[in-house]
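Structure in structure tokens, see below.
Here the chain labels run A, B and C in written order, and each chain numbers its own residues starting at 1.
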Amino acid sequence: MKVIQKEFLLKPRSRGFHIITSEILQHIPELSTINQGLANIFIKHTSASLSINENADPSVRTDMETHFNIMVPEDADHYEHTFEGPDDMTSHIKTSILGSSLTIPITNGKLNLGTWQGIYLCEHRNHGGSRKIAVTITGI
Amino acid sequence: MKVIQKEFLLKPRSRGFHIITSEILQHIPELSTINQGLANIFIKHTSASLSINENADPSVRTDMETHFNIMVPEDADHYEHTFEGPDDMTSHIKTSILGSSLTIPITNGKLNLGTWQGIYLCEHRNHGGSRKIAVTITGI
Amino acid sequence: MKVIQKEFLLKPRSRGFHIITSEILQHIPELSTINQGLANIFIKHTSASLSINENADPSVRTDMETHFNIMVPEDADHYEHTFEGPDDMTSHIKTSILGSSLTIPITNGKLNLGTWQGIYLCEHRNHGGSRKIAVTITGI
């Protein structure tokens, strides 16, 4: 049984939903040594989150951003926590809805994702900067 | 330390929330050999999701479907990604809200769920068909 | 490779969002023996959930409660499952949105959380009582 752990920064991205599957994979070449196992991908922030969704049509990502901005509106008057601007509390709420980590099966040295699945960075802040990721791989 | 991995298709289900605990268990008889560990259940799709919720009263599942249809309405005009109909983009959004995988403790050869907890398949498409699941068990 | 599993009750908390990082850590002193691994924290209930969010300003937790009460309103007339009061079905929905478990990397004997991250108990019921938690640690 192996345990492999890596910590790295993602390239900074604009507010919105972004596919980061290949950037993640670049940081974990050791994946190829795992026959069966799991990869946990964890984001060490409270205003950006991770999700799995469609890896093809870019309109899925823009519609995600649009819908989350409606479901968690910045112009609502019920937020107290707005020290850092109108995208402060909304980013925390979106993060809890979407989640801070993903656990993905590894099979034959690869992430065992479905054909249409990609890993999303959900950047909720207007200027989030580089986000820190910890990947933990366990398997045989 | 053991790693057991299985991949299988669920029986197709209608749109809505469905308890699939016993169908999952049928595919992983090896669970009984694990004293302490974890089971990761991963759905390889972007328009159906997994959740844990009440395993008793069916009205919980119908209320879930009702509420998610209000929270992510098909008749909104803010979706661009509607190639496959009004249940296309809404299914992607619901999937990211609910999530693509569950990680459940295993204790004494069984899933260590609470008394009222069951595993839900959340089928967001009108005609989703059979959904592919990967289960990865690690433990001793 | 070690597997350590603990099951315990949290102190009862009022409805709302609460930081429980230090209470969790009190129950798993064995964490210090793990160099690299993962901690899965699982709540065995369907009307309370777990999340990771900001560990500093209390207004984040009150805003979370406010926002979830708007997003999943108790005074809506579309719920059938209200046997136990208006906080019954809404608690189930909030639980599925937020999730029943967290998987957090362990590095050098500690939870490898970001600077601002804490573990939240999200208590959705008016009188939830003590909540049962199962923690499963795997690692080397």
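What we mean here is this: a contact is a pair of C-beta atoms (placed from the backbone, for glycine too) under 8 Å apart; a residue touches a chain by one contact, two chains touch by 3 or more.
Everything quoted here is computed from the prediction, not taken from an experiment.
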Can we say the copies chain A and chain B touch using the same residue numbers, with more than half in common, or are the two sides different? different
Give me the C-alpha superposition rotation for chain A onto chain C, in degrees, nearest 5. 120
Distance-wise, how many Å sit between the C-alpha centres of chain A and chain B, to the nearest whole number? 20
Name the residues of chain A that each touch 2 or more other chains. 1, 71, 97, 99, 103, 138
Given the complex with chain A, which residues does chain B contribute to the contact? 1, 3-5, 7, 40, 42-46, 71-72, 76, 78-81, 83, 89, 92-93, 95-97, 99-101, 103, 132, 134, 136, 138
Flag every residue of chain C that touches chain A in the complex, lowest number first. 1, 36-38, 51-54, 57, 59-60, 62-64, 66-67, 70-71, 97-99, 102-105, 107, 112-117, 120, 138-140
